[in-house]
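Below, each structure is written out as structure tokens.
Two complexes are shown next, each including chain A; its partner changes from chain B in the first to chain C in the second.
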Partner chain A sequence: MLSREEVLKIAKLARLTLTEDEIGFYQKQLTRVLDHIQDLNQVLTNKEAFVQHVPVDAEPFREDVAVPFANHDGLMKNAPAVENNCFLLPAIMEQN
Partner chain B sequence: MEFGTLSIQQLLSGYQKKEFKPSEVAASFLKNISDKNEKLNAFLQVRPDETLSQARALDEKMSQVEMLPLFGIPVAIKDNFLVQGWQATAGSKVLSGYLSPYTATSVERLQSMGAVIVGKVNCDEFAMGSSNENSAFGPVRNPWALDRVPGGSSGGSSAAVAAGLATVSLGTDTGGSIRQPASLCGLVGLKPSYGRVSRYGIVSYASSLDQVGPFSRTVWDSARVLEVMAGHDGMDATSAKRAVPRFTEELKAPAKKAFTLGVSRSWLEGVDPDVAKAFDSAIEFFKKMGGKVVEIDLPHTKYALSTYYLIAPSEASSNLARYDGVHYGYRTQSAKTSEELYSKSRGEGIGREVKLRIMLGTYALSAGYYDAFYLKANQVRRKIQEDFEKAFTQCDFVVSPTSPSTAFKLGEKTDDPLKMYLSDIFTLPVNLAGLPGLSVPCGLDSNNLPIGFQMIGKPFGESELFAAAHQYEQIRGEFPVADMAKGRG
Partner chain C sequence: MSLEKYEAVIGLEVHAQLMTASKMFCRCPNQYGSSPNTNVCPVCTGQPGALPVINKKAMELGVRAAIALNCEIHPESVFARKNYFYPDLPKGYQISQYEKPFCTQGYVVVQLKTGEEKRIGITRIHFEEDAGKSNHEAYGTLVNLNRAGVPLCEIVSEPDMRTAHEAGQYLRALHSILRYADICDGNMEEGNFRCDANISVRPIGTEKFGTKVELKNINSFKFVEKAIEYEVQRQVFAIENGEKIIQQTRSWNSAKNVTEVMREKEQAHDYRYFPEPDLPKLVFSSSWLDKIKKEMPELPQQTSARFKAAFDLSDYDASVLTSSKELAKYFESVVSHSKNGKASANWVMNELLGRLNAVGKEIDLSPVSSTQLAELIAKIDSGEISGKIAKTVFEEMFATSKDASSIIKDKGLVQISDPAALENVIRKVIESNPSQLAEYKAGKVKLLGFFVGQAMKETKGQANPALLNELVKKFLDS
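Take a look at the complex of A and B:
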């Protein structure tokens, strides 16, 4: 089973705070799924042959042209906190 | 007049004969929603004034019925699509109250061809789930049996149409999220080929697997919605630049009448006996129509579950990194630093199953594990794709039941993630291979619950899929509708 520390490390990488209950819960659930996934090791695969998922006739590249977005107000209305038409956030660096 | 069980084709015919007007139809659907939604919890948002004003504008254009292929058709939209002026929660507390600043390409195309939006419908949080029990806004109930799930993740989309609260609906399908709920609710559900429909304006889950598709009562209706919304879109770099056939025109005179179906018996082990029986009887119908059945081998489909649960969570862990409480969505009230703002907003806002998948993906992509997990999964994904390529040298379609069981009871599979994941065992490989898959109702089990027949086509082979399923539908006869849709219940 994944250890408590391993779950906390994954949660930190994923930027998720977990409650005490959740730590135990995800220890079990992650272990359950990861154990199942081990069956992939039974498949002999070719290192070079992995999937090309984008359709051949898609056009992944287009002209790099700026297109104005009309609904600026609509974007700002969804902001959790705004000041002077800017997104308001806590300080990035600690203040002395 | 009751419009809830009519198809697009029947509504269009009524409009052409001027038997009723779009505003009457829209008002009738809004009334059904207000009467029945309390029991179902399918709709998360309705805007009656907006819906009626769209419909009234069409009342003035009755002469244009033939020019607008979805004239006055009531459509419900899964709540992970952006539609300007409407909310888009994706079933998550994180996006509670989020108002779409623009409209998804697929929805815009439906609207421009006369569709009337009746509401936004419930789904599993970020489209992750097979029962709609992962929604932050409560589970949806199946109109065929209210103590059972409608399937997921597009459970609101399937319940809405099955209960007669919308003529058609849109959903998204990443591992079966259209086909499985369509099967559990007795509807036609289509996951088009990857690249067929633009993904612009849908809330991303796993970008190499997500596709937009319709729920409908008939194959013709599915073909009509697809022909309107499919086609290249400059806003989605993975949308295919190829012509979209006039699918409904093709149905008038299908090019081919006798199809060869491929069945892999070893893949089908373990399905419920009633499901197996209905599946076999659907195959007999095809044989009666001159079709052939060949045994095929899909040796890697048994690894689809593991492959999917590495690839989808990996992509999700990256896609969902954007919900950090900065620009939109839920923000914690207790953060003093930026770091805390991200972690606490995500920890408090994101639900149980979504956190599990984010962590799975984070783990699979973390240093030292990438080759063993993510790369390996993509190599097996290629093997699964090759299995289908080989199968299609022997047959026109690969067929299977859509889901190993019919609708299960609420709470029955919520404790064990793998038990829930197994509901999608027949649909997952189709997304991994990027193929089109259609679920068509093929019978009822001993509890009077619908069973679905899945037909998997060649890449961009929707025309043939529609032709075969349409033919089957005509021989099968009209499929029963849930009591709830008949104005009872």
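Take a look at the complex of A and C:
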């Protein structure tokens, strides 16, 4: 079982504030996720498995040519808020 | 405080932006100063489903850096995801390299002020993408992703440096090499070459490292040295006071000349690195590596050796003149026009660099062009002006950017090499100093210098010194 401290640390890394109930909930849920990964570890013994889908002789590089993205406006419209062409987010404080 | 009982252990991490036309994993322009969020696309803004494709030129520049820094290049390396949450990192992770960087174990040889050389080890160089920029305003945080995905090489040194001076020299050497080889433009103000320093102190004679403090983003050579000096003193002072050094990240406050705490140091495993599943293993073929080796531009040490051999310069002179690519180019241009290597070196180092330093300008903003300086040197060599007058002319050139010939003409500074004109002056000087003449005649021949000096003064320094000397002697002895 994941400890309460471990859950709080993961929450901190994800910038989440958890209620007491949620701490207990994630303790159980994250433990189940980790257990599942343990199970997978027994199956996937080949460490290189993650790149197996890439053909060995494929040219993996792109030539260095700059091409601006064509649908720039569409991309900016995806943002919930824009100010002075910048993505506007809730104020971020330096975390201590 | 007993600073001398301690030694500092310093390692530097440098982030150098690579001089590519496009970003590391997408085709957006790699361009500083564009209006916010113009160089963005689905890949560098982290849109779902967008996939990265590796920029070949970025790989080439990284390999060039590895060669220039004497590293062992690994034909196979792996990109990794470094996970952390911050708004300037839209994907929630940075593509970097972790367990398998593309090169390790290099070194740089740096010149110390004592005249000694020191070899600073390089642990590794790895590729990674830059993050965007965030501006914190009271009403919110403004994020500009133009820089997100710009290719970087992170160059990690061994903890081989013991003083702020050594760290400064290492950084200068690295900066110069990267610029020579056209890997990074080195612009520190634009953040294209950034430095973090890891610093700890330990009692001299002990092996064990002290607790290290990380200094973040110091953006000039001078600040790096000042920040390290301050930090070393702070740590020694704390230890001497019985305090414990806390592992933390600090930043340099250049207004107050102190380092300040930034945030708790996140442990490496907090980043939860894992191999980037969207990219294949990075494989360099030996033929491609050979091609890059063959096409390597000249490096500072090679330029320095060439200057020493061609222009008969000392180690020191050659190292100064090759300290930046621009300066080396300037010097070569001066020599090619003046045809006098030694004089060109002296003029560039003693007169030009001194003045540029005084006004805080780099060589590329020199008010005197290389051809203008060459013309001045040629005029000394041809006897048109004396070395002394040349200094006056140069001062004027530096102030006004005018050519030497026009200044000489306007101010009537041409050297007087006409014996008849000089003889008149000499006669006058001898007549007005009868007692010195008597002493000279009585055997005090050292007074020759006095007469030459007086005559030179009369001509406002314009007399041809060799000719003047000869004529004065002739007059006195007649």
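We take it that the second predicted complex is superposed on the first by the 61 of 96 C-alpha atoms of A that agree within 3 Å, B and C clash if a C-alpha of one lies under 4 Å from a C-alpha of the other, contacts with A are read in each partner's own complex, and residues count from 1 in each chain.
Convention: a contact is a pair of C-beta atoms (placed from the backbone, for glycine too) under 8 Å apart; a residue touches a chain by one contact, two chains touch by 3 or more.
Note that this is a predicted model, so its numbers are computed, not measured.
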item: Comparison of chain B and chain C by chain A residues contacted; value: B
item: Which superposed partner A:D64 touches (first chain B, second chain C, both, neither); value: second
item: Partner chain in contact with A:L75 - chain B first, chain C second, else both or neither; value: both
item: First (chain B), second (chain C), both or neither touched by A:A91; value: both
item: Which superposed partner A:L13 touches (first chain B, second chain C, both, neither); value: both
item: Which of chain B and chain C A:L34 touches, first, second, both or neither; value: first
item: Which superposed partner A:E83 touches (first chain B, second chain C, both, neither); value: second
item: First, second, both or neither for A:Y26, with chain B first and chain C second; value: first
item: On chain A, the residue positions that both chain B and chain C contact, one per complex; value: 13-15, 50-51, 54, 58, 60-62, 69, 75, 78, 81, 87, 89-92, 94
item: Footprint of chain B on chain A - complex, ascending; value: 7, 10-19, 22, 25-26, 29-30, 32-34, 36-43, 45-47, 49-51, 53-55, 57-62, 69, 71, 74-75, 77-81, 87, 89-92, 94
item: Chain C residues touching chain A - in the complex, by the definition given at the top; value: 20-22, 27-31, 35-42, 45, 47, 53-59, 84-87, 134-145, 262-264, 270, 275, 277, 279-283
item: Residue ranges of chain A in contact with chain C within the complex; value: 13-15, 50-51, 54, 58, 60-69, 72, 75-76, 78, 81, 83-92, 94-96
item: Complex interface listing, chain B residues touching chain A; value: 84, 98-102, 193-195, 208-209, 232, 234, 237-242, 300, 302-303, 305-307, 309-310, 317, 321, 324-331, 335-338, 340-344, 346-348, 350, 352, 355-356, 358-360, 362-363, 366, 373, 375-383, 385, 416-418, 432, 434, 459
